[in-house]
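In what follows, chain A forms one complex with chain B and a second complex with chain C.
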Partner chain A sequence: MRLFFEIARTGFAALCLHPLRSGVTICVVMSILVPYLAGVGLSHGIRDVAEDSLRFGADLTVTGIRFGRTVPIPLSAVDAIRQIEGVSEVVPRIVGALSLGKNREPAVLVGLPHGRLPKDVTWVQGQFSDSSGMHEFVVGTQLATRLSLKVGSIIPPFYRSAKGERLSKVVGILAPDAPLWQANLMLTSLETAAQVFDQPDQVTCLLVSCRAGYADQIKTAILRIASPDSSRGTIRYRVASRQELGSLLPSGWLHREGIFNLHFVLGFAVAILAMLVTSGAGLSERRREIGILKATGWQTDEILLRGVVESLLLCLAAASGSVVVAFVWLKWLNGLWIASVFLNGVDAAPSFEIPFRLVPVPVLLAFLISAIVVLSGTLYPTWRAAIVPPRDAMR
Partner chain B sequence: MSVLLETRNVTKIYRPGTRMEVRALDDVSLSVASRSSVAFTGPSGSGKTTLLALLGAMERPSHGQIFFQGRDLRSDSDAELTRIRRKMGFVFQDFALIPSLAVWENITYPLIPRGMSGGERRKLAQSLLDELGLPEKIDKRPHELSGGEQQRVSIARALAGRPEVILADEPTSNLDDAAAVELIAVLKKTHTAGTTLILSSHDPRVLAIAETVYRLKSGRLVATDR
Partner chain C sequence: MLGGLGFGPAIDLSRCTLAFDPRLGPVCESQLGPIPGGGFVCPHHACSVFDYSPAVEPLLPRAEATPDATVF
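Now for the complex of A and B:
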C-alpha cells in the first residue's frame, strides 16, 4: 500500500512539475464542461420557473377552437362559466404577440381586467393610474432596455384599430429580479389589449379557479357549452387542467435540452481531439520521460498508475473549476451569452435576472466526462509510450 | 569468475523488410564476466550503442540470444525485463535526466517503485552526491548544472540502486577534459568496489580502464583486445 501511495504521489508531483501541460489540459476540459454545466443549470432554472407558473396559476385554462384551431373567446362566455357550480373565479386574459420600434422588437402583450393588474407591488417600478386617458403599460426589463423606455415614456400609436389609435404611456417597469417570463412582456388592461389587437369583447383565454374537488366536473360542464358567435357560428371550448399543462412542459424542456446535449456531444468529441492534440504537443517530452522511467526500472503498470493519478487529479481540478466558473457565469455574469441559447429572443447580455439551478447529477456527470476526456487524452499516449522498448521511447 | 552477460549470434535489424532497413548488429557473440570491465569501441554507427541497449535489456534482438546470469532473456516478458533492468545502472550519452525534477529526485526516482520513502531517498542522494563531489547541488534542476555535473548525477542515479552492472554509453563524449578525467575516476572507483562495468566509447582514457575491449565495425565484432 505504501508503494502504491509513493507512486501515486509521483502522479501528483508530475501535475505540478508540468504546469503548462496541466494548465492546457485543465483549460481544454473546462472549455467544454463550463458551457455544459451552465446550460444545464439554466435549463433547470427555466423548468423551475415554468413549474412555479403552473403551480400558482389557474386550475383550468379555457381556449376557444373552431376548425381545430385556436380562436378568441367572446367575453360573454365569462358569465356562462361563472354560473357553473364550483367555479370560484374566472379571469379573462388576452395574450398576443406584437412588435415595436423601428427594429421590430418582439413583445408579448398581456391584457388583464383592471382589478387583476398589479398595483403597488415590489416587482414593478411604477403603477397603473386608471386616470391618464392614455393606454397604460407596464413593460418587461429587456423590452424597456431595448426600446429605451422609462416610467413616463410615451409610446406613439403602434397598432391599427377600428376604434382609432391612442398614445400609450409606460407606467411601470418590471423589476429585473422578477420571474423570467417578464422580459419581453407588456402588461395592460383587458380593454387596452382588446383595442391594440382590434378584437373588441374577445379574449384569448379564460383562467378558471375552482373550489377543491370540482375541477373535473367544471371541465366537463365547460366542454358542454357551445358559445354562439353571431357572425361566425359556434365556438367550442378546449379546457386544459393544470396537470395537462404540466405534462406539456417536459417535452419542450427536453427538446431544448436535447438540442443542447447534442451540441455538447459534438463539443465533447472535439475536446477529446483537442486533448489528443494538446497532449501531443508535450508528447515527445512525455515519451522521453516514460522511456527514462522504463529504462531505470519502472514497470508499465507503475507508469500507468502514475499517469492515472495525474489524470484523475487533472480531471478533478478541471471539473471543480468548471462548477465554480459555471456558477459564477450564471450568478454574477447572469448567463452572459448562454441564456440566449436557451431563451428565444433574449439578448446576449440579459437585462433581467436569469433563473438557474446547479443540480448534482450534471455536476457528477461533469466529473465523469472530465475523467473520460482527460484519461483518453493523456493516459492513452502514456500507455503507448510505456509499452514500447525504453530505447524507442527515449529517442 | 561467473558469466554475468552473454550474447550468442545476436543480430539487430531496424525497420526490417523496408528500404530503410538497417542491420545495426550482425551475429555478435561475446560474454561479460561478473566484476569485470569491458568496453566496446568502433567508429560511429558501428553498433556500440545498440549492443549496450541489448545487453541492458532495453531492446530485444532480431535474432540470437542474450543471457543475464545464465537466464535467456528471449522469452522474458516486458515486466521481467524491467525487473532485470533494476539490477543494472545506466549512464546515457545525453545524461537522460528528467528536466522537471530536482537532482536528488532524478537520482532516486528509480527507487520509488522499490518502496523507498522520500526521506530515505533524499538521504541516499545526498550521500551519493557527497561521494561524487556535488554535495551542494542536491536541489538544483538539471539545466542549472554543467555537462560534467549532469553526467555525475547520471552516474549517481545509476549507482543509487546498487546495481550489479553499470552500462555507460559514451560517458565522456559530452564532457570537457577535466570533467572526463573526474568521471573516469568515479567509474574506476565503482569498478574497484566490485561493480561490473560495460562501456562504449572511443575515448582512449575510457578504454584504458577496461580489462577487455571489443572492437566493432559495421555491426560486427572484428577484434577483441585483452
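Now for the complex of A and C:
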C-alpha cells in the first residue's frame, strides 16, 4: 500500500514537472466543460422559474380556439364560467405581442383588471396611480434599458385604435431580480390593453381559480360550454390545468436539443485536440521519461498507475476550475455573452438577473467527461511507450 | 403576480408563443416538421437549453390530438 502511494505521489510530481503541458490540457478541458456547465445551470434556472410560475399561477388557464388556432375570448364568458360550481375566481387577462421604438423592440403587453394590478410589490419600482388621464405602464428591465425608459417617462402614441390614441406614462420598472419573463414585459390595466390592441370587450385568456378538488370537474364543464361570438360563429375553449403543465416540465427539461447536441459535438472535437496535446505534442518527452523509469526498474503497471494519477489530478483540476469559472460567469458576470448564446433575445450584457442553478450531477458528469478525455489522451501513449525496451524508448 | 406567466426560455412572443408560455398557445408557429430540419426553424427549438415539444399534446383539445400524430 505504501508503494502504491509512493507511485501515486510521483504522478503528482510528473504533473508539476511539465507545467506548460498540464496547463494547456487543463485549459482545453475547461473550454469544453465551462459552456456545458453554464448551459445546464441556465436550464435548471429556467426550470425553477417555470415551477414558480406554475405554483403562483391559476388552477386553470382558459383560451379560445377557432380553426385550431388561439383566438380572443369575449369578456361575457367570464360570467358563464363564474357560475360553474367550484369556481372561486375568474380573472380575465390580455397577453399580446407588440413592438416599440425605431428598432421595433419586441414587447409582451399584459393587461389585468385594476384590482389585480400589483401595488407595493418589491419587484416593481414605482406603482400605478388610482386615477390618471394617461395610459400607465410598468415595463420590464430589458425593455426599459433598450428604450431608455425611466419611471415618469412619457411614451408617444404607439398604436392605432378606433377610440383614438393617447400618451402613455411609465409608472414603474420591474426590478432586475424579478423572473426571466419580465424582461420585455409591459404591464397595464385590462382597459388600456384592450384599447392598445383595439379589441374592446375581448381578452386572450381567463385565469380560473377553483376550490380544492373541483379542478377536473370545472375543466370538463368549461369544455362543454360553447361561446357564441355574434356573427363570427362559435369559439371553443382550451383549458390548461396546473397538473398538465406540471407534466410538461420534466419532458421539456429532458428534451434539450440543438445547441446542446452541437456542444457535445464541439466538445468531442476539442477533446481530440486535448488528446493531441497530451499524447502527440508531449509524446517524445513522455517516451524518454518512461524509458528512464523502465531503465531504473519500474514495471509497466507502475508506470500506468503513475499516468492514471497524473490524468486524474489533471481532470480534477479542470473540473474544479470549470465549476468555479461557470459560477463566476453566471453569478458575478450575470451570464455575460453566454446567456445570449443559450437564451434567444437576451442582450450580450443582460440587464436582468439570469436564472441559474448549479447542481451536483452535471458537476460529477463534468468530472467524468474530463476524466475520459484526459485518460484517453494519456494512457494509450504511456502504455505504448512502456512496453518497448527502455533503450528504444529513450532514443 | 400576473396569474402565472412565463414557462419557458423565451422572453417575448415575437418568435414562439409556446417557448414563452405553452398556456398561451400549445403549438410552435415556426414548426415546419415534415420538411427535413424544419423543426429547427424556430430559434427556441433549435438553440435553447430548455424547450418543449413543438406541439404540446396534453394542452391540445382532444379532437386535435390523435395517438400517433398531431392534426391541425
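The working rule: the second predicted complex is superposed on the first by the 373 of 395 C-alpha atoms of A that agree within 3 Å, B and C clash if a C-alpha of one lies under 4 Å from a C-alpha of the other, contacts with A are read in each partner's own complex, and residues count from 1 in each chain.
Heads up, the rule we're going with is that a residue touches a chain if its C-beta (ideal position, glycine included) is under 8 Å from a C-beta of that chain, and two chains touch if they have at least 3 such contacts.
The structure displayed is predicted, hence computed values, not measured ones.
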Chain B versus chain C as contact partner of A:L42, first or second or both or neither: second
Which of chain B and chain C A:V325 touches, first, second, both or neither: neither
Partner chain(s) touched by A:G68 [first = chain B, second = chain C, both, neither]: second
Partner chain in contact with A:K294 - chain B first, chain C second, else both or neither: first
First, second, both or neither for A:A80, with chain B first and chain C second: neither
First, second, both or neither for A:R2, with chain B first and chain C second: first
Partner chain in contact with A:A58 - chain B first, chain C second, else both or neither: second
Partner chain in contact with A:A240 - chain B first, chain C second, else both or neither: second
Of chain B and chain C, the chain that contacts the larger number of chain A residues: C
Residue ranges of chain A touching chain B (in the complex, touch as defined): 2-3, 6-7, 9-10, 17-18, 288-289, 292-302, 387, 389-392, 394
List of chain A residues in touch with chain C within their complex: 39-40, 42-43, 46-47, 49-50, 53-54, 56-58, 61, 63, 65, 68, 70, 91, 93, 95-97, 99, 106-108, 110, 112, 116, 118, 121, 123, 142, 179-184, 187, 204-205, 207, 223, 236, 238, 240, 244-245, 247-248, 251-253, 255-260, 341-346
Partner chain A, residues of chain C touching it in the complex: 1-15, 17, 20-26, 40, 43-53, 56, 58-61, 64, 72
For the chain B and chain A complex, residues of the former touching the latter: 53, 56, 58-60, 78-79, 82-83, 85-86, 90, 92, 96-98, 100-101, 109-110, 112-118, 157, 161
